[in-house]
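So, here's a batch of structures to check.
In the two assemblies presented below, chain A is common to both, partnered first by chain B and then by chain C.
Here is the complex of A and B:
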């Protein structure tokens, strides 16, 4: 019962915030809508029994990536987009990009929807959850064991990736000071 | 809840991300669209891991997706800030030259 309520709340929050990311004109408000979308996805992870992933989603996305995006938006001024070009539709670039975006969305919706319908038609939808595990059982020890046994190479390489991203971001975003010399 | 609602939510998130990437003209908005798409794929991995297999490998994939998305956001926003320092704009149509010659 609790999980059903949580599922519907999270799904509504996710989809409504996702639509707001698309249509809202101000970029700051769009970023805030993306925050709501991430919180909704974390709730969906909880209904799937993935507690650790939900916690990581909260810490990395809601606590890290959104703050980074907000700082980037504030550092770049958040000018209204009308000043840059002649836009007929304020949030959406110009009419040509809006048209192509909608056409792509339609094609993607039709193709993926047909694939999904085919999958459920041949009986995938009839499979239920294997065994209903107690949903608040911790998955941390299993994930830790898998990360340090089967996936240890990817784990170590992700640490190198994060180090490289950190140094690269610091070097790229450094202000230009060599002109005075 | 079965597998189908999660797949439909994931599909909607993916389509919204694609619309943001194609239709908006702001570079940071395009990065927001990429984050939406990465979230959709991670949600798909966890949903399949819950409903089709008994193991937890989908959680590992989802974790690595989150790690790579964080690194991508950091480097992408650094590039955006550098671009803004050079061009005083974050409009995507300005980004047609790699050098600041023009």
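Here is the complex of A and C:
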């Protein structure tokens, strides 16, 4: 009961604010809608019993990505009319982008459709029943064990990737003093 | 949700009776609905009756202690020793006109104080006030707390951006950069403690310590001793407290990100700040100072034991709270470059060193504390030497 209510609240929040992100023309408001979308997704993880992933979602996306986006928005707009919105953006569609967009939308629609149809028992796949959320228990121990045993290579690779990104950012941000000397 | 609540409540007759009658009326099983409602009422009572006064009394304590430190008297008109001053302030805040600046982004302007409040009050859900009085026994307790409190950073930034004022914007920018920078040493220091106790739930973290100082994580080994100070300095900066209160530096920025806020919206920011300080002190007490553990485990299974535990918890937390205020009125504000130097050149490397040190300590000494190592070797020498 409680989980059902939580699911519908989070799903509504996710979808509604996801639409808002695209529809709203003010970049700042769009960013706020994205914040709502991320919180909704965190709620969805909670209904699945994946507390750890929900907290990571909060930590990384709400605490990191949104703040980075806000900084990026603040640092870009220099004309007064562009400062709070994307009013002066030229129309983005030409034939190439539209074709690729259409293909992407089609693939996305088909894959989502397969899952949704499977849920209602129509179509190709066999009926996938919604799993009982109370089956899931704490996932923290398992995530920790798996990360450091089976998936340790991927774990270390991602840390190398992040280190590379960090060093790259430091090099880009460093003022160029060596050329003047 | 709260796993312990339904079994606890089903021990009472009135609860089962109510479930039966409402289930018959609504024609579905209302167990979880009812326990959710009871839980929600309890949580809001806790927020309103405990945390609001803590935030309010925080402002009173701040003024009174600052007055003591500066050899003044401080508020002394409303109630005995001026202790009702915060109620008078609250009434004044409600009566003030709610002004929105002309150039403001209204939606974001309204959103920012709410985000600050929500972010801070969500952290309260996992605070271990006593072994029985923890609202949610979450398996990721301290991680949840750190994750949720990142909403405050966004709120500070938006509070700076929305009013379209230069003072606010500078304050908000400083606040956001400061909060995301100091999150790193704080999280790494917490990680060292998580490593020692082997769990992120506050039950495990507090439960693996003891009542007396030699069993606290603060004195577990030299690295945790350092980690405590790294955490505390980082927490001061995260809550925008002096000497790290650059986001609201009065002499430069009027009052930073809440310059343009009036009335209750300003009160939301102020309340969020004071409750956040309380929460950060409570986390420090729970992680390093033994939390709610009472010395000698007095009355452990007796209901009165809960009161003793509450007493132990609040004593430690409020002493730390006093230290925070004391630091504010003692040290001058640091500069922006010093702020970043302290975080990136000192605290972060020290915190990483602590983390590695704790891991090595766990590996070499099998997780024993320094006190038990010394004590055991002393006993061994005394008994085996002669």
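To be clear about the criterion, the second predicted complex is superposed on the first by the 115 of 181 C-alpha atoms of A that agree within 3 Å, B and C clash if a C-alpha of one lies under 4 Å from a C-alpha of the other, contacts with A are read in each partner's own complex, and residues count from 1 in each chain.
Convention: a residue touches a chain if its C-beta (ideal position, glycine included) is under 8 Å from a C-beta of that chain, and two chains touch if they have at least 3 such contacts.
Since the structure is predicted, the reported quantities are computational estimates derived from the model, not experimental observations.
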{"item": "Which of chain B and chain C A:108 touches, first, second, both or neither", "value": "first"}
{"item": "Contacts of A:14 with chain B and chain C, given as first, second, both or neither", "value": "first"}
{"item": "Partner chain(s) touched by A:52 [first = chain B, second = chain C, both, neither]", "value": "both"}
{"item": "Touched partner set for A:140, first chain B, second chain C, both or neither", "value": "second"}
{"item": "First (chain B), second (chain C), both or neither touched by A:168", "value": "first"}
{"item": "Touched partner set for A:22, first chain B, second chain C, both or neither", "value": "first"}
{"item": "Comparing the two partners chain B and chain C, which touches a greater set of residues in chain A", "value": "B"}
{"item": "Contacts of A:67 with chain B and chain C, given as first, second, both or neither", "value": "second"}
{"item": "Partner chain(s) touched by A:116 [first = chain B, second = chain C, both, neither]", "value": "first"}
{"item": "Touched partner set for A:38, first chain B, second chain C, both or neither", "value": "first"}
{"item": "Common interface residues of chain A - those touching chain B in one complex and chain C in the other", "value": "52, 56, 64, 71, 84"}
{"item": "Touching residues (chain side chain A, partner chain C) in the complex", "value": "1-2, 26, 28-29, 32, 35, 51-52, 55-56, 58-59, 62-64, 66-67, 70-71, 74, 84, 138, 140"}
{"item": "Residue ranges of chain B touching chain A (in the complex, touch as defined)", "value": "1-9, 11-16, 18-26, 28-29, 31-33, 35-36, 39, 42-43, 46-47, 49-54, 56-57, 59-60, 62-64, 66-75, 77-82, 84-85, 89-91, 93-94"}
{"item": "Footprint of chain B on chain A - complex, ascending", "value": "3-4, 7, 11, 14-15, 18-19, 21-22, 27, 30-31, 34, 37-38, 41, 44-45, 47-50, 52-53, 56-57, 60-61, 64-65, 68-69, 71-73, 75-77, 81, 84-85, 87, 91-94, 97-98, 100-102, 104-105, 108-109, 112-113, 116, 120, 124-125, 127-131, 139, 142-143, 146-147, 151, 154, 158, 161-162, 164-166, 168-170, 172-173, 175-176"}
{"item": "Residue ranges of chain C in contact with chain A within the complex", "value": "1, 28-30, 32-33, 36, 105, 107-108, 111, 138-140, 143-144, 146-148, 150-151, 153-154, 157-158, 161, 173, 176, 180, 183, 200"}
